[in-house]
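Shared chain: subunit A. Partners: subunit B in the first complex, subunit C in the second.
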Partner chain A sequence: MKTLGRPFWIAVGWLMLLTVLAVFASWLPLEDPHEIGAAEARLGPSSSHLFGTDALGRDVFARTIFGARISLLVGLLAIAFGMLVGGGLGIVAGYFRGVTDQVISFCFFTLLSFPALVLALLITATIDRNQWTVSLTLGILSIASVGRLSRANTIVFAEREFVQAARVLGADSTRIITHELLPNVMIPMGALALLGMGIAIVAEGSLAFLGLSVEGDAVSWGKSIVDGSQARDLENNPNVALFPIGVMFLTVLALNYAGDRVREYFDVRETAF
Partner chain B sequence: MTFTLEQGEMLGIVGESGSGKSVTAKALMNLLPRTAEIDGRVRFDGEDVRALAAAGSRHFWGVRMTMVFQDPMTSLNPVKKCGEQIAETLRYHLGHGRVAAMKAATDLLEQVGVPEPGRRVNQYPHQLSGGLRQRVVIAMALACEPDLLIADEPTTAVDVTVQKRILDLLDSLRKERGMSMILITHDLGVARGRCDDVAVMYAGRIVERSSTETLFDRSRHPYTDALVRSIPRIEQPSHARLDPIPGRPPELIDPPVQCAFAPRCRYAQADCLESVPPTEGVGESHEFACHHPANTPRGREALANNVAAGVTAAGLQISYRKTR
Partner chain C sequence: MRSLVLSRLAQLVLVLLAVTFLAFSAMNVLGDPLFNIVGPLAELDCDAVSRGEIASTSSSLDATRTDCEIVAEAKAEFRLDEPLMKRYVLWLTDSARGDFGTSFASEGVPVSDILKEKFPASIKLMIYAEVIALGLAIPLGVYGAYRANRRPDRILSVVSFGALAIPNFALGVVLLYVFGLKAGIFPSSYDSSSFRTELTSLFLPALTLGSGLAAGYQRLLRTDLVTTLQEDFVHMARAKGMTDRHIMFRHALRPSLFSVITVFGIQTGALIGGALVVEQIYLIPGVGRELVTAVVRDDFPVVLAGVTIIATAFVVINFAVDLLYGWLDPRVRAKS
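On to the complex of A and B.
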């Protein structure tokens, strides 16, 4: 019997912990992450400021927890959007083939041929940047790669006899896609979703460096890292940047590991042939 | 090709690989790829099957007419439990509730001779052997008690003991339910033992069709005749040479204008190379497509001429060997 293993549960535990902290951040006894000059600037880690304070005297621990709200949300929404649009289009293209496939694949290639950063700049520079639009931007960027994976997987399964068998048992195309192909394609897609969430979280960080992450005083991991990234700070108070970096690193690692284990665990076909 | 199947009867379609057996089945089930050029008509109980399909008739496939595929390894969805796959059909077509459908699925598995059906319904296809999987596939096909079942070599992937059990099972279900069946096979023994009628296919055509008994005892088409002769018989002395058919089937990319079997036929005459023989006796109990049918005066004369010359009109060397 296959098991997910202890490291998987540690990874999931970490993600759960972060999620709970992020959701209930407002009710936790944390410093105000926005208040400038609440404490002395550039303090090292101590018992009153676990991760220290940044150049503006804000508590880095509180900023990391509140930052998790936006970073996790953006990661989740971005990949959910990519899965919904890209995954859906990919299945349709892979199942119907022909002209449908050509049109959809052409769209994927068009998306892929744009340098991702330029596309992201184009979108974020022209609209209000809140967590929804940043998610949307990253979601659009993920459509092509998610879509191509779902298309490739669909083609593999659509040629199996069970699809024809479903047809002779009276299933129409919609039913074949939802009942026969989707459950099969979901497995690699689920793993990709976890991986993609990690990528989206890092991508939000990249946008933050360009000043194109969420606007105003909203906190994200990317923005917290940027706040601690001046050469002077990195030299004298590395804690300001390193703590959010560490948390982001552990989160992405946990997501990747969990994704891989989930794929192995649910892949009943691995033992089939 | 033209053929009719009565209710409760079993038609066997035999022929070598590439003769068009599976394509025929897929044409009947309206499963041909979109690139196929289709003419002709399939009538089921007076209704045009393709018109029904085009009209999006939801409860026709699977309920009235269905098919069992050759390979049980790929005809089940790998990520769904066996019981679920059977139950799904029942829920979709007959509107069973979840629990009732599961119960019915278990009963069906029991009927098709799956041991411990209560446990099997909760197993995934990869946990079952080939024979069991084929029975699950058959249970799925039979779930809605179809009027016509097309079985495309249902026993090629399983060993002979399982083969017998599956064929017995299909036979008894056919008798119990008055279901019609088309059995596609390349095993002449199976066709002879199980079918009411047999159609022999060669190069995409039915070259001979009649009741099983007539076909095997008084075959008219030289191909059928040669097939029957090539079956090893128990009364032959051991190490007796089998009587093979020389050559290989024609490429159908560019179909010949002559009789497709002529190059391999011991009866071939000049006229066989000029035209495709029309099918004689269409609609009657015995039809065949040959200019010089075996076991008739014309055929005997043709064979005698070829044997005397030592070569057929198509250039096939023959040496007369006494058979039977």
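On to the complex of A and C.
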């Protein structure tokens, strides 16, 4: 009997905790993450400021929790968009094959021909950057890899007996895709979604370093880290950069680990014998 | 082999066209190039001015020309009145000859001159990172396979799993803090005055980029080596009484390097992206910093040229890796 194991549930617990904190951030007894000079600047970690304060006197713990809102939202939306578009196109390409497949596969190949961050730079440089457009950009980056996996899985399942049986019974393509293929292709995609969310969260951080994350005074983990990363700030109060880095690292680690476990758990080939 | 090269070459050309077109149209359709050259003047309705409905104005900056003349000149210089497809073809043929036009922000300066002096630092950084990555990954991969599923291998796999989960920028900031600022072992800013200073000042950035790559290579090499070590020719070598070291390096390593080579091409994309970010942290005057400056100033020709050159290099590297792979592995050659 395979189980997901205790570390998996610890990872899920961490993600749940963060999500709850992020969702209810406004109702929690946190300091205002935006107010400049709310507290003394450059304080180290203490009981009143768990993660200390930054150069503008803002509470780093509050900024990390509010930052989780944008970072988790961007990660979630990006991969949801990638799944919807990439997954859909992949299934269509894998089911119909032929010219449809060739055109879609060429589009995937072209998207993958850009180094991911360079493509993100190209898009975000030309648009107004809010949480929706940044998510959309990162979602576009994931289309090709998600699409290729869903295409490969669809090809495997499209040959299976239950799909042929459905076809013999007179099911049309739409029904076969939604009722027979989709549920089977979804499982390996779930693992990819967890990994992809981690990648998107990191990508938001990278964009922040290029000055291309969400504009205005919205806080994200990436932007908090950038705030504390100038050599002088980093030397005198490293807490501003290092605490958000720690939280982000744990989150990405949790997502990667959970994704890996889900993939192994559902990997039928390993349990077949 | 020849037909493989030809078909891949055709694909290469097609993909390069698609990539450049995507970049060009993103810049021109999503952005507003006219606004970025002339600023608020772009809003001016010059047709109405020429019909005499609105009085002609002239900005205080340049009294010799009316505002509409400035707009018209900008449109002519950057061919903004032409249809998108025509502009793309013109831009592409110019770019192929190394002429990427002139910068919007620094008037009259050719984009190629701006980028030319920025590329060396970025390329040095990336080569340095690959050297560090392979220098770490090959010995550790061999060691992991040699002690497969025992304690050293398990520790290595946990370490590389962790290294893969650390974002480049996070590692960069932590290394800068610990070794650059606190311990002061390495300089915290780029110094190109001599080969030695360059080597030491690029060490932390290269290590930042290289450690993630190393972790990827190590896992791959270890897995492949474990498979290779179960092959008959390895048993044969062992039966002949050869030492473990000899078997590992002379027999098993070479056929196990194939997937590392494939991944090398794909990883270049991550390496380029990583270099953009790491240049910001360590203040290295490379293409990444230039691109960011250009983005802030809405200097589209520079951004477009930078993105195009990087994407082209990436596609060509992957093409070369594919060919190399076919050349190295007889099975791929036979299939084509």
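Methods note: the second predicted complex is superposed on the first by the 266 of 273 C-alpha atoms of A that agree within 3 Å, B and C clash if a C-alpha of one lies under 4 Å from a C-alpha of the other, contacts with A are read in each partner's own complex, and residues count from 1 in each chain.
Methods note: a residue touches a chain if its C-beta (ideal position, glycine included) is under 8 Å from a C-beta of that chain, and two chains touch if they have at least 3 such contacts.
Not measured: the values here are computed from a predicted model.
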* Asked: Taking the superposition as given, does A:113 touch the first partner, subunit B, the second, subunit C, both, or neither?
  -> second
* Which partner does A:36 reach: the first (subunit B), the second (subunit C), both, or neither? -> neither
* Asked: What is the contact status of A:183 with respect to subunit B (first) and subunit C (second): first, second, both, or neither?
  -> first
* To do: Considering only touches as defined above, state whether A:23 meets subunit B (first), subunit C (second), both or neither.
  => neither
* Given the superposition on chain A, which partner contacts more residues in subunit A: subunit B or subunit C? -> C
* Considering only touches as defined above, state whether A:103 meets subunit B (first), subunit C (second), both or neither. => neither
* To do: Look at A:10 in the shared chain and tell me whether it touches subunit B only, subunit C only, both, or neither; answer first, second, both or neither.
  => neither
* Touching A:84 in the superposition: subunit B (first), subunit C (second), both, neither? -> neither
* **Parts of subunit B lying in touch with subunit A, wherever the complex brings them together** => 29, 31, 34, 56, 58-63, 65-67, 69-71, 73-80, 88-89, 92-93, 124-126, 137, 140-141, 143
* Going by the contact rule at the top, pick out the subunit A residues touching subunit B in the complex. => 98, 160-162, 164-172, 175, 179-180, 183-184, 187, 268-269, 271-273
* Structure fact -> As the complex stands, subunit C meets subunit A at residues 14-15, 18-19, 22-23, 26-27, 30-31, 161-162, 164-170, 173-174, 176-177, 180-182, 188-189, 268-270, 272-274, 276-277, 280-281, 283, 288, 291-292, 295-296, 303, 307, 310-311, 314-315, 318
* Residues of subunit A touching subunit C in the complex -> 106, 109-110, 113-118, 121-123, 125-127, 198, 202, 205-206, 209-212, 222, 225, 228-229, 231, 234-235, 238, 241-242, 245, 248-249, 252-253, 256
